[in-house]
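Working notes, structure below.
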Amino acid sequence: MSALADMLSTIFERRYRGVREADRDNRSMEELAHDLLGNSGEISGGLVARQILDRYAALSQDEKRAFFEFVTHGLEISPQTVRDTLEAYEKKPSKASYRAFAAACEPGRQEFARRLNRVPGATGKLVDMRHDLLRLLKEHKNLEPLDVDFHHLFGSWFNRGFLVLRPINWDSSASILEKIIEYEAVHAIDSWDDLRRRLKPSDRRCFGFFHPSMSDDPLIFVEVALTRGVPNSVQGLLADEREAILEEDADTAVFYSISNCQAGLAGISFGNSLIKQVVSDLSRDLPNLKTFVTLSPIPGLNKWLGGSQISLLPRDDHKALAAHYLLEAKRPDGFPVDPVARFHLGNGAQIHAVHADADTSDNGMRQSNGVMVNYLYDLNQISQNHEKFAAEKEITASHDVRTLSATVKTSQGD
Amino acid sequence: MSALADMLSTIFERRYRGVREADRDNRSMEELAHDLLGNSGEISGGLVARQILDRYAALSQDEKRAFFEFVTHGLEISPQTVRDTLEAYEKKPSKASYRAFAAACEPGRQEFARRLNRVPGATGKLVDMRHDLLRLLKEHKNLEPLDVDFHHLFGSWFNRGFLVLRPINWDSSASILEKIIEYEAVHAIDSWDDLRRRLKPSDRRCFGFFHPSMSDDPLIFVEVALTRGVPNSVQGLLADEREAILEEDADTAVFYSISNCQAGLAGISFGNSLIKQVVSDLSRDLPNLKTFVTLSPIPGLNKWLGGSQISLLPRDDHKALAAHYLLEAKRPDGFPVDPVARFHLGNGAQIHAVHADADTSDNGMRQSNGVMVNYLYDLNQISQNHEKFAAEKEITASHDVRTLSATVKTSQGD
Amino acid sequence: MSALADMLSTIFERRYRGVREADRDNRSMEELAHDLLGNSGEISGGLVARQILDRYAALSQDEKRAFFEFVTHGLEISPQTVRDTLEAYEKKPSKASYRAFAAACEPGRQEFARRLNRVPGATGKLVDMRHDLLRLLKEHKNLEPLDVDFHHLFGSWFNRGFLVLRPINWDSSASILEKIIEYEAVHAIDSWDDLRRRLKPSDRRCFGFFHPSMSDDPLIFVEVALTRGVPNSVQGLLADEREAILEEDADTAVFYSISNCQAGLAGISFGNSLIKQVVSDLSRDLPNLKTFVTLSPIPGLNKWLGGSQISLLPRDDHKALAAHYLLEAKRPDGFPVDPVARFHLGNGAQIHAVHADADTSDNGMRQSNGVMVNYLYDLNQISQNHEKFAAEKEITASHDVRTLSATVKTSQGD
Amino acid sequence: MSALADMLSTIFERRYRGVREADRDNRSMEELAHDLLGNSGEISGGLVARQILDRYAALSQDEKRAFFEFVTHGLEISPQTVRDTLEAYEKKPSKASYRAFAAACEPGRQEFARRLNRVPGATGKLVDMRHDLLRLLKEHKNLEPLDVDFHHLFGSWFNRGFLVLRPINWDSSASILEKIIEYEAVHAIDSWDDLRRRLKPSDRRCFGFFHPSMSDDPLIFVEVALTRGVPNSVQGLLADEREAILEEDADTAVFYSISNCQAGLAGISFGNSLIKQVVSDLSRDLPNLKTFVTLSPIPGLNKWLGGSQISLLPRDDHKALAAHYLLEAKRPDGFPVDPVARFHLGNGAQIHAVHADADTSDNGMRQSNGVMVNYLYDLNQISQNHEKFAAEKEITASHDVRTLSATVKTSQGD
């Protein structure tokens, strides 16, 4: 039975522990950083790294900026060394010459982050560090290279193969659940009672991706409703007084909210893997499920309408306008204007239906006059939908949505 | 209670699954590799990666070599692009210019490995792939750059912060235990009964480092005996008929065997972290433990003696010779000749005692006339021992060992 | 790693599942009960038992009473059979004769409950059933024998050896935590934020006893504060704005709240085992802890004062009065009047100190003018304290408390 | 994540710990027993109970017998008290009178066992104690009442609702697996390699019932082979060199071995629950499985043939004889002679097919000339098969088996 004990030892070990008073020293951050990158890293590196992390946590905004300045510029590559080692490698490719070149190309910043990461529990702190950096980046463009390094490392560390899909439910720990409340980005969760309504009923599911080194903190999660038929209103879906159905009676799974949790992982995308994995797992566990759809907002609709040429039309046919927008409103690069549409169509989903009065919240009215859209995930079609969309920018949509869109005539059409 | 369920879903998901017959296609490995690196990677990459991994597993040695040739040379950097992007970055450092430079420096080989690794369970397969590569390397030096890339990636993936220390004992799963039998490199385990004698008694412990993506397969493990006093014979320690003592009666923990498990992780070192972590954990759990020592072989002794100038001496005083060898036999770079000595002294341990007739096995007699050595791990001294050794090549040893060594006079001394 | 899988299979299996519509039949509860006790119990008993449990859950109070009437009287022993089998057993003791006697003595009620309990998840439902029964008992004394049977069975099922001590903390599941909020009987928990303050800080602990068949539902739990020195105020202990100390800096563990959770387990006592186990576990994990005390209410003080002969005294010396009450106020059987005192003294604790202004809540003022008491658990003294108290009704108390008590003179003393 | 921690705390706590040297005393077993049953049981009972259990483990056979004598006769009921309390209860049924009667009917033996069981880990020791008792019983009939008490208590403690079904596989702990090797009663497991062949292939399963207080020790387990079609040879099923099929390709699950593990639980039956549960779980997990059969020995065939009137027939038609035996050979009570047939038919299975040369081992030839039988578990039929068998002793069998049996003519038939 000790696999349990084993995992437990893991869990305790993974928690970050700060440096005890007695073990702290007075060196500057720069000195500590150079020490960490130096020879003694193997033995006493843990202590040095934890001092840097502890110290960092207490820095002011300005001090953080100064720290990032140092890391960005103080641990920069040497162009001449890159050139020299490249030449040597070209002349005589070997383990030694390639290793020298690879070392020369990689700034000390990356090794610095990797050595900080040796400390149990440090991964989450590095993710937060990048979050700080991203906030500073707007005004301090010179720090951009450091962000590129973070992005590169995180892409490797948060590789899909290292992530773990876990159900999140009313039996999950309070420490995870309070993060769900905090992170829910689409339809806010007001209270623990509200959370219980999202997680506990027999017709609700939630799944998240976790990284083993951040086991209490989801990276992304999706909330799912099991329904009979495709729903046309998010308020209906989340109504307090609704009656739950039995899971085996559901024929449809509705992804009604997807939330990224870690601002420090911006640019590392998990969403499409998550949805595909959840579709696949739910199909297996609940064979009665036949349809997998989203109930998604159309965040860009009204903004786009404001600037569009659509003026001849009865503007109150919101559904038709939404269909038209989703199918026809394109960016200069030929992909849809709507970010949510780009995400789901890029994943290989197709536009299934649009619904009026589907999100009557203030936010829903403001962005799309209450219209919402179902994107359909059909596992048999995902690959070819994706190919067409990626290669030819072709959008797959149901006949109804196409028909509806065709009722809209733009002024250009005249 | 669903943390259990959560972890379980993890575990199932982590197992590698090959591609079903129906989903295989006829493209060449090169075509598959280019597809994997291409645009569609996000959606259908998993299927392509699994085809590559399945296909690789069935290759002959020659085909593997050809595959490595392709990866090494077909996914090489372009020196000109490196030079161009470097220049651009120097002129105007920005996110775009640095990203372009970083991309140019990194050969496609690395991204290729990262994309293979997106498949659940692929990490162990990539480690095995490097094992194959290492075998080919001796005769095919041109593949060396690929090995440098693997080493670089694995250094990042198997970062200490991602590893998990777990006890291995008679309650561990058979699938882990059969690997302990297979991997034990120092004192072979003959059978499951022998294994039980190493793991089950109250005065035995075993700990290993695991990576979350290879949760059934240890990376390295150490076997520990709890004793009263420092032992002077490994046969005594492992005797079939010995009586176990209660764990709380032990005052000494003896590390009598450390085995690396993954040939494909050559050059990524875990040993010193493992020992330090185990010393620290055992100290906390069993406060009666006061002494942490190894009982280590001296693999280089007789070989060195054969070539040494020590001729005037009674050659049969094996203990004195061993002490002398450990303290005085140096490589050109000033570090000890003995590899085990280099490992433990480099970790900050010190030479504590040498014992005659300590390993009377054929192997023990052959390599060191049966002499063994205890290296002492004193947590309070580790850091400074390490510093002295690393910086000044100074070896810390007990007074007894120094005295013993001094009794040996070399012919040069005359 | 399959111990996890194993445990998981357990957990799913343990949840009670009602009977599907299609499998229900129209028999009366009495018919179902006779069927359950009949021969076919082995095969189709599960279905019958689940029908009874489902049906029971939907009964009105009157119907429940009628159901209990049936079980009590319809499944009664036959006195004549008892007499006959007893005689046969006396004449010729054997397996057969004793078995017959044992069967005759045991009413069908017990086997009925055991067969209901064969259904996974039924144990908690039977506990709730007894809760219903206890409520009816006051007005329906004729049901008392059934309660004696429940008490007998539960004593066997909830035997200390079957219970599991588990920490309850902020990593526990929401489904357990919401029960802590519900069950806390001593110092009410207002909200999830309040709960977090009780469980999450480094100097707080909570432990509960669980039965494996009711793994989401604690039987009893105790809340513990780790402090420096013995505290003298519960409001101080629970203050919102207090600063947590490090666990290793604490020298004292304070049991400030013990709550029984299952009304249906009335008369089955777990409290003393729980406290002793927690004292023992905390001693091992946190060796700096030297003192284990409660901070307990004195619920009977003011009620007793109202009827006492203590009139000559300055009644406002609440501490002295409390000490006096705890030491001198006795029931006719010679044991203390105060129920909390009886509990802790019966467990082998001793009266350590009394504090004025220790519970300034309305309830604290009402019952004891704000005075509270520390009972001290000294593992070395528990056994002999208990013996003296149980056999000779002798109360062990500190010198200070004795001195304080002695300052009180009763009118009888004049 | 602390559900893991919680469960872990459980597991450690559950292990039995003997009494330390210093805490032992010199009282006799009888004195200890009376102390355990006395007042102080609540507080110091654990220590006393552990002394009794430690002491018991060291007793000789004769001393054990003497101990059982004491428990059986020294803790006997008082017939007069039974009569008196019965009369009082009849006159005035109340909580007090019924409680007195119930107490009088129950010998101290039962409370003695319950108090021993309060010690963590004691349950398994009590099961072993009954095993000792059962061995003594043949020659010491006077101990029979004690066995009746054990049987009664174990029936309550090992109630189906308390048991846990767990898969046993190559990921199970070595401590459980070595028990599978030890307990396998039908087709012996020779070695760990043999065990691996039974557990690891994709087309093998094993499941056991466990009691939470004996979590390392199965109560009963069943080995399952997943096959295409119903197998007709156990040697074929277990052949070393056979090729495993994919689990999703199997259409049939074969229960080829069921082993009871605890001799001390004789008379407490788990087998039918186990098979039904496994059929139900496998159906859910592997929807391609359509047929659930055993491949069972016919242990009584040759013995019965020896004494039968079947002489006119070609005795070498072993299949027909086996069919005839299974359908027609009855005990005086009308149930089948064959114990395995009684077990499966009693569970609601039906006779599906008989096979010649199905078990060509020495044992198989000796008991049934190599013939084996498939009993079919059809979840839709189990209930009514069971009813017919239990009430009317009617055996359900396939048409083929009936036809085959009809070819046999007994001499009586002439």
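In this document, chain identifiers A, B, C and D correspond to the written order of the chains, with residue numbering beginning at 1 in each.
Throughout what follows, a residue touches a chain if its C-beta (ideal position, glycine included) is under 8 Å from a C-beta of that chain, and two chains touch if they have at least 3 such contacts.
On a predicted model such as this, the values are computed, not experimentally measured, just so you know.
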{"item": "Reference chain A; chain at largest CA-centroid distance", "value": "D"}
{"item": "C-D or B-D - the one linked by more C-beta pairs in contact", "value": "C-D"}
{"item": "Gap in Å, rounded to a whole number, between the CA centres of chain D and chain B", "value": "47"}
{"item": "Chain C-chain D separation of Cα centroids, rounded to whole Å", "value": "35"}
{"item": "Contacts with 2+ other chains: residues of chain A", "value": "1-5, 7, 171-173, 175, 216"}
{"item": "Contacting residues of chain A [partner chain C, same complex]", "value": "1-4, 7, 170-175, 177-178, 192, 195-196, 199, 216"}
{"item": "Residue numbers on chain B that touch chain A, as the complex places them", "value": "1-3, 5-7, 9-10, 13-14, 39-40, 42-44, 79, 82-83, 86, 89-90, 93-95, 98-99, 101-102, 105-106, 114, 117-123, 141-142, 144-145, 147-149, 152-153, 155-157, 159-162, 164-169, 171-173, 212-213, 269, 272, 277, 281, 346-348, 382-383, 386-387, 390-391"}
